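Here's the structure we're looking at; comments come further down.
Order of writing sets the chain letters: A, B, C, D, E and F. Residues in each chain are counted from 1.
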Amino acid sequence: MSFTHIDEQGQAIMVDVSGKPETSREAQARARLQLPDAVVSALRDETIPKGDVLGTARIAGIQAVKKCSELIPLCHPLPVTKAAVTFDWDRDELVIVCSVKTRGVTGVEMEALTGASVAALTVYDMCKAIDKGITFDVSLVSKSGGKSGDWHA
Amino acid sequence: MSFTHIDEQGQAIMVDVSGKPETSREAQARARLQLPDAVVSALRDETIPKGDVLGTARIAGIQAVKKCSELIPLCHPLPVTKAAVTFDWDRDELVIVCSVKTRGVTGVEMEALTGASVAALTVYDMCKAIDKGITFDVSLVSKSGGKSGDWHA
Amino acid sequence: MSFTHIDEQGQAIMVDVSGKPETSREAQARARLQLPDAVVSALRDETIPKGDVLGTARIAGIQAVKKCSELIPLCHPLPVTKAAVTFDWDRDELVIVCSVKTRGVTGVEMEALTGASVAALTVYDMCKAIDKGITFDVSLVSKSGGKSGDWHA
Amino acid sequence: MSFTHIDEQGQAIMVDVSGKPETSREAQARARLQLPDAVVSALRDETIPKGDVLGTARIAGIQAVKKCSELIPLCHPLPVTKAAVTFDWDRDELVIVCSVKTRGVTGVEMEALTGASVAALTVYDMCKAIDKGITFDVSLVSKSGGKSGDWHA
Amino acid sequence: MSFTHIDEQGQAIMVDVSGKPETSREAQARARLQLPDAVVSALRDETIPKGDVLGTARIAGIQAVKKCSELIPLCHPLPVTKAAVTFDWDRDELVIVCSVKTRGVTGVEMEALTGASVAALTVYDMCKAIDKGITFDVSLVSKSGGKSGDWHA
Amino acid sequence: MSFTHIDEQGQAIMVDVSGKPETSREAQARARLQLPDAVVSALRDETIPKGDVLGTARIAGIQAVKKCSELIPLCHPLPVTKAAVTFDWDRDELVIVCSVKTRGVTGVEMEALTGASVAALTVYDMCKAIDKGITFDVSLVSKSGGKSGDWHA
C-alpha cells in the first residue's frame, strides 16, 4: 500500500494524469453540524430574521468547490460542470450535502468535500456569537466515474 | 438571541467593526481524522516513503489561514501574525491543531477553524487512494482576547 | 491637472502612502440596473421561487469589496471594517447600494464601486436567460474621511 | 419564465452543464465612461504623461476576464481562448469594448461583461483624483455560439 | 520579427488560440540558487532541523504552477495534468527543476518557469535570516509539443 | 545558525510576530534579463509596436507584490503602502527594479523579490516567441527598517 501523491523519494508530487481518458464523474460529500440548543432555537425560530444564513453558506460552499485546486496543493484543476449545496435537519443536526460533477481525468471527491466543509465553516461563522461550541464532521457520501469506479459510504 | 451577521431585514452583512479597539487575539482549532486501518498502517509504516504527507498538509493549512476572509463571505480581513499547524496521534486518530494569532479588531476563530479543516482535507486527498472512508470532525479548542473574552471547549 | 497613479515618465505606480495618517473612511457607490419587462415580472412575481437571486448578488458584492486591490492594479490593500449591499426598486430599475468603511490611509471609493459592480454583474448573470438586454450604470454616491474630505454626487 | 440558476425550492445552484456539447463561443461587452471635462482634458492633453492609464486598464480587464468564475458565484469556470480590450472616444465618452472567446459548454457573456466593468473601474481609479463624478454604464454588445444562438444588442 | 502578444496598434492582447488543436505538451524550467557559505552549511548540517525547507518550497512551486495564468497577464488558463519540483546540489548551488505537463492548445513554458521561480523565492524566504545575499537565476530547460515543436537550452 | 521558519521539530511555521513594533520598512529587488540579440533588436526597434511589453510587465510586477503572502507560504500578509517597477538597459541586459514600502512588523524583501521576478517572467512570456533562450537572475538590492537594520548588496 503506498501514497499516490508521493514519489519514490517520499516527495510530494501532482501526479501525471496526462494519459487518462476523460469520463463523467460525480461526487457527494456531507458535513453534519452538531448545534447547541440556543443555535437550533435561533435557526428554527420563525420570529428571528435569518433568511440569509443558509443562503450565504450555500454560496460559500459553491465558490469553494471552484477553489479546491487552489486550497489542496496536489489537486488537479478541473472544469466543474455542476455544484449544488443543500441543507436538511436530522433532529438537532444540520446536514449539508455538496454535489459536484465534471467531465475530466480526475474525480471530484475533493471538490465536494471542500464545498461541504466551507459551507459548514460559514454556518459556524454566522452562529458563533450565539455559541462557540458548534462542531461538525465531514465525510464522503459517494463517488462515481473514473477507473476506480463507484464508491458509497 | 439573534445573528450578528444578519441585519434587521434578515440580510447578510459584514458587520461594522470600525469602532472596536485593536487587541491581541489568539485561537486554536482542532480537526481529528478517523482513519481506516490501512491508512493508519501506511502512515505509520516506516518502510513507506511519506515524509511529505503531513508536511504538505501543514503548508496547506497555514496558507488557508491567510485565505479565510476570501472563503468565508462575512469574515473581516485580518493581519495574521502567527499560524502553526501540528499533528499528533491519539490511538488511531490523527489530531491536527491549528493555532493563529493577530492583533486586530476581530477574533481569529474562523482562521484557526479554516486552517484545521484544510489541513484535514489535504490529508484526506493524499490518503484517499488507500481508503475513501476517512472522516474528520472539526471544533474550536479555545480563543482569547477581544470583548467576548476567553473561551475553552 | 495630472494623474496621481502616473509618475513623471508616464509610468503606472502604486503611489507611496507611507506617510499618510490613518483616519476613518467611508464610501457609498450605486449600480442601477435597467431591466426589461420580462425580468422585472420574474423578479416581482410572487409565484416564482427566486429568494436567492438578490441574496447571491449581495454575497458576491461583499466578497468583491474584499478583492478590490486584487482587481484594480494600483489600489492599495485595505483592512475593510464594514461592507453592506442593499437593493431597492426605483420603478423598473433595481438600485444596488454598496457601503464600505475602513480605518486606513487611503479611501474606500474603489471598494464600494467594485462591490456595486460585481453585485450588478451577478444579477445580470442570474437573469440573462430571460433577457440579455439588461444594462446597468455605476457611480459614486458619497465618500467621507481623508485629506480630500467629503464628497457627494 | 423562471431563473436558470435557481432550483425548484428557490435555492441558488451552479446548474448542471455536463451533457452540453462543446462549441465555439464568443461575446463582446461594452462599458462607456461619462467623463467630466477636466478628465477628458487630462486624458487628451498631449503634454501630460499618461501612457499607462489605458494600458493599465486593459491589463486589468484581461485579468478580470480570467477571474470571472471566481467573482460571479454561479458562473462555470471556462478555458478562455482569447481576451482583448479596446478603447475609443465617442465625443466625450470613453468607450471600452471587451471581446472574449472560448470553446466550451457555456457562453462567455459574463466574462466579457466582467472584463469591461473592471477596465472601467480601473480608469475611474486612475482619474478619480481629478474628478469623482465619473460614471459608466455596462451592456452586452453581442454573443454567438451555444444553444441559444446569436444575440445582438 | 514581432511580438505575438501585441496587436498592430502596439496594444497587449491575450491572443486567440481558439482554432489551435489540443496536443500533449511538456516543459521543464530550472532555478539555480547561489548560496552564501553559511546558508549551505545550515542546509547541509545534519544537526539542524530543516526537513521542511525544501518540502515547503516544493509545495509553493507546485501551487504557483496552477496560479500561472493569474500572475502572467496574457497567459491562457490551462488544465495542468502534472507538476513536479525536484532539488539537487551542484557544488554550492541548489538546483531546482520544475516539470509541467498539459494536454491543451498552448504550451506550459510559463507554468514551469513560474513554478521554479516561486520555489526559489520560498527557499530565499526561509534562508534570508542567515544571509540576504542569496541570488538565483532562472531559465527554460526544454519544451515539447505544439506547433513550434521541441526546444532544448 | 538556524532557520527562523522552522520550529525545534524541524516543522515549517509562520513565526509569531505579534510582539514586534510597527516600523517603516522598505526594500528594493532587481531582476536582470539576459536577452538574445533578436529580442534586444525587437525591443529596441522603433518600427515595431511594443508599447505595452514593459507596461504589461510593470502591472504584473505591482500586482505580484500584493500577492506575495499568497505565493510564499510562510510570509506574513502586509499592508503595502508603495510599489513601483522600473526598467533600464545595461548594454543588452534589461534591468528591472521593484521598490516596495510598508509600515508593519515584518520586512518587504519578499514582496520586492516577488514583484521583480513576476515582472521578469512577464517579459519572458511576451518575448518567448522570438527566442526561448532568455534567462534572468534575481537578487535583493537593499532593505531598511526593522530590527535587523539596513542591508545593501
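Assorted remarks:
The criterion applied here is as follows: a residue touches a chain if its C-beta (ideal position, glycine included) is under 8 Å from a C-beta of that chain, and two chains touch if they have at least 3 such contacts.
A quick note: this is a predicted structure, and the numbers were derived from the prediction, not measured.
The chains that touch both chain A and chain C are B, D. The chain pair from D-F, A-E or B-F that repeats the A-C interface, sharing more than half of its contact pairs by residue number, is D-F.
Chain centres here are Cα averages; for chain C and chain E they lie 36 Å apart. Distance between chain D and chain E, defined via averaged C-alpha coordinates, is recorded as 31 Å. Separation between the centroids of chain E and chain F, computed from CA atoms only, is 15 Å. In chain E, 7, 11-12, 51-52, 55-56, 58-60, 63, 67, 73-74, 79 are the positions where the chain touches two or more neighbouring chains simultaneously.
The touch graph of these protein chains has some other shape, matching none of line, ring, star or complete. Chain pairs that touch one another are A-B, A-C, A-D, A-E, B-C, B-E, B-F, C-D, C-F, D-E, D-F, E-F.
Those residues of chain C that touch chain A in the complex are listed here as 51-52, 55-56, 58-60, 63.
On the chain E side of its complex with chain F, the touching residues are 1-12, 38, 41-42, 48-53, 55-56, 59-60, 63-64, 67, 71-75, 109-110, 113-114, 117-118, 120-122, 124-130, 132-140, 143, 148, 151, 153. Within the complex formed with chain B, the chain C residues making contact are 24, 55, 58-59, 62-63, 65-67, 79-84, 86, 101-103.
Note for the complex: chain A touches chain E at residues 7, 11-18, 69-70, 73-74, 76-79, 104-105.
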